[in-house]
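What follows is a short report on a single structure.
Order of writing sets the chain letters: A, B and C. Residues in each chain are counted from 1.
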């Protein structure tokens, strides 16, 4: 694996899930693999799970870890090519990346959607610069349009919770929120589910359809009750409008996931990437109920990251 | 030791002081003990000594260390049970704790008193959630009402500085400050001194008596000169009013510790937990004088933390 | 080496450059040297290269690393001797330093010029307190008037890029900026170049002459074209006025380094300490052009730091 920014970087999804589950059995089986190598974890945005799970994964592999809160600890970054830097920005992203090239064997970066320009976000105006200028492997810790380490953890979690022969029905359901949130987790989950052996549907209100480039042929159902029927897994997540970019068109029905709605499913396991707004996106009773596998999902972030870092290290070592 | 949030978690105080002093002699005697285990240091507030001494202690034990400045690096936390999270808070503390359970073998947390609601503070509205939801040992890095790692370091320091047969007289004296400060250090010191073989008295102005639940039968003297007489140790610390919670009732006498006041003691050693407001809480001449053992106290924070982490690791390993 | 705050701490410049280049060949040749020792990296200001390269260098030597963003993570510091601390400052720098003495075998600190009081800055009002109160070796990560780890990296880089018998001509050229910047990098580079076997000249507009205490007999030329003629190395850097302290006297000519100006040189290699304001200090074409050795310079920050830390460790171990 050369980079890890989307599902298309994964050669064999079942293989990497298997590897992650082996790592979960024995997280310290490769403590020498990263010795003498350095991973730089660059955060342009807040992070709890990604920050901690990436550090643990790297430490388990013997990697040196550099964590950089870019905005607070370093310099205000310029992203525009050719900019005359006579304003607030102090360092161009391409210079920061070139320096990271000199210091790190692997660069991992979190760069959320700005939610201001649809074009900037769909073009991944920040991650694309890492992809362009990095001379070492680049790992996305969530970018404007995708959150692949989360999606891999989601695949691991579904695999752990399904041992029947028939395919599970997996429903990604939109949930309410109080402010415009990026589509990255939804997009990414959709892409990865298309590679899994599952029946996958998406449900969201009118006006909230995700970008077709990610959902492809996935059925999109605007009636939540209908979509949830017989679901085996329900993935809860808010996102703002893609069409009317970053807007929040009014939604009249109640979309918060409750036990009442769950009753309609096949005792579905409930998933969420966290952080979650309790009693807005889903009810306390669901979050704390027996169907939630949300904390297991959070734990699997470690093994998702460790499997990816390990494969990336194979690539570096081969060179 | 299962948790460490107050003196009542210590089975044998003399034993742990002895252990800490052995660690001080040979800090690297247990470098394999924590291998493959992770301690999460969660800071909801500023920290210098606690932050650095905890990191050193953990590194000396071979632990992996995750440091999280929760507010700045992760998400704004919700503390109210059952809250409908449609406001500024992004993640519920119980979800954050459950995730830490998945990632860490030990959780250590700093959560100061909010100084707004007496009830919230005396009920330890944050620490109590860690105690309730953590499935791994919890260590207090100072909470609303106690600072036990500081108090243990204080006990170590007093032990190092006393080799006479009779009990030393230890005086906790209130000191002036410019804004309302929590009672945690004072409360905690009072609790621990009651477990030490010392004559312990507290002196503070009228209106500044600490919570009886911590001071118990400790004599409280409102005349500083009288209290300081023949003292062997003087612990200087400000706190705001407990009765009129977080208020600062006017104090007419001068309570700043000076050499003149020290003359009244039995060449008392002077202690303070730091940070200290020079020439407000105590004078430069005291701080920089030969009686101060304040930096020694700061150093002992390492061995206090390391003794506690080591005992907690015994517990984990036994399981 | 006891401390490292200026070129005068270096006994033999050629020797330490040679050592750094050996480290560059084999960065992991001394991984046991720092074992059981701790370096505290204290940042009072932003940092990218210094932060990361120092961490890598320390890790390569097996040192424990404590990184402290003093203002954000710890307490607001007081710098005035004898201050009555009844204002915004919570901890006196000398107490913070004494605590670092207890915790660290080496203290490294970044403390930029305040750019408000010329006297405070030229007297190094912060670094001088570290030099006064530290009981362990002190390393400057850039102070008010100098940036010695940068300058050593600069010397390493020039050495790597010059294999002719005659001395290279090295030109330090002032560059435009939009706000007042300290003279530290310029001062420091001037001091170190005087110890190198080079022909060194400085060029800057009238009103921007650096402090004579640093530049000594170095020729200062106010005509950039004249200065650049036949240059082998051009070091680009802005600084504000020293005479009219921190002012920015109007400059009528264009001082931004461009390819056109470079044509006048002996195919000079271009250097800059970063971060750089593109198209203000130098043009994109220069930054991204074949003459730039700026990223190599950034990489050499690791080996500059590692050579210094290694020499400091020799000193500690000898004691």
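As a convention for this text, contacts are C-beta pairs under 8 Å (C-beta built on N, C-alpha and C of every residue); 3 or more make two chains touch, one makes a residue touch a chain.
These numbers were taken from a predicted model, which means no experiment stands behind them.
Colleague: Which rotation angle, from 0 to 180°, best lines up the CA atoms of subunit A with subunit B, given as a multiple of 5?
Modeller: 120
Colleague: Note whether the interface between subunit B and subunit C is symmetric in residue numbering, meaning over half of all numbers used appear on both sides, and answer same or different.
Modeller: different
Colleague: So how far apart, in whole Å, are subunit B and subunit C when each is placed at the average of its C-alpha atoms?
Modeller: Chain centres of subunit B and subunit C, defined by C-alpha means, are spaced 39 Å apart.
Colleague: Multi-chain contacts in subunit C: which residues touch at least two other chains?
Modeller: 72
Colleague: Which part of subunit A faces subunit B closely enough to touch in the complex?
Modeller: Its residues touching subunit B are 28, 43, 46-49, 51-53, 55-56, 59, 69, 72, 178, 274-280, 284, 287, 295-296, 298-299, 302.
Colleague: Which residues of subunit A touch subunit C once you look at their complex with the stated criterion?
Modeller: 36, 38, 40, 64, 66, 68, 70, 72-75, 78, 82-87, 90-92, 95-96, 98-103
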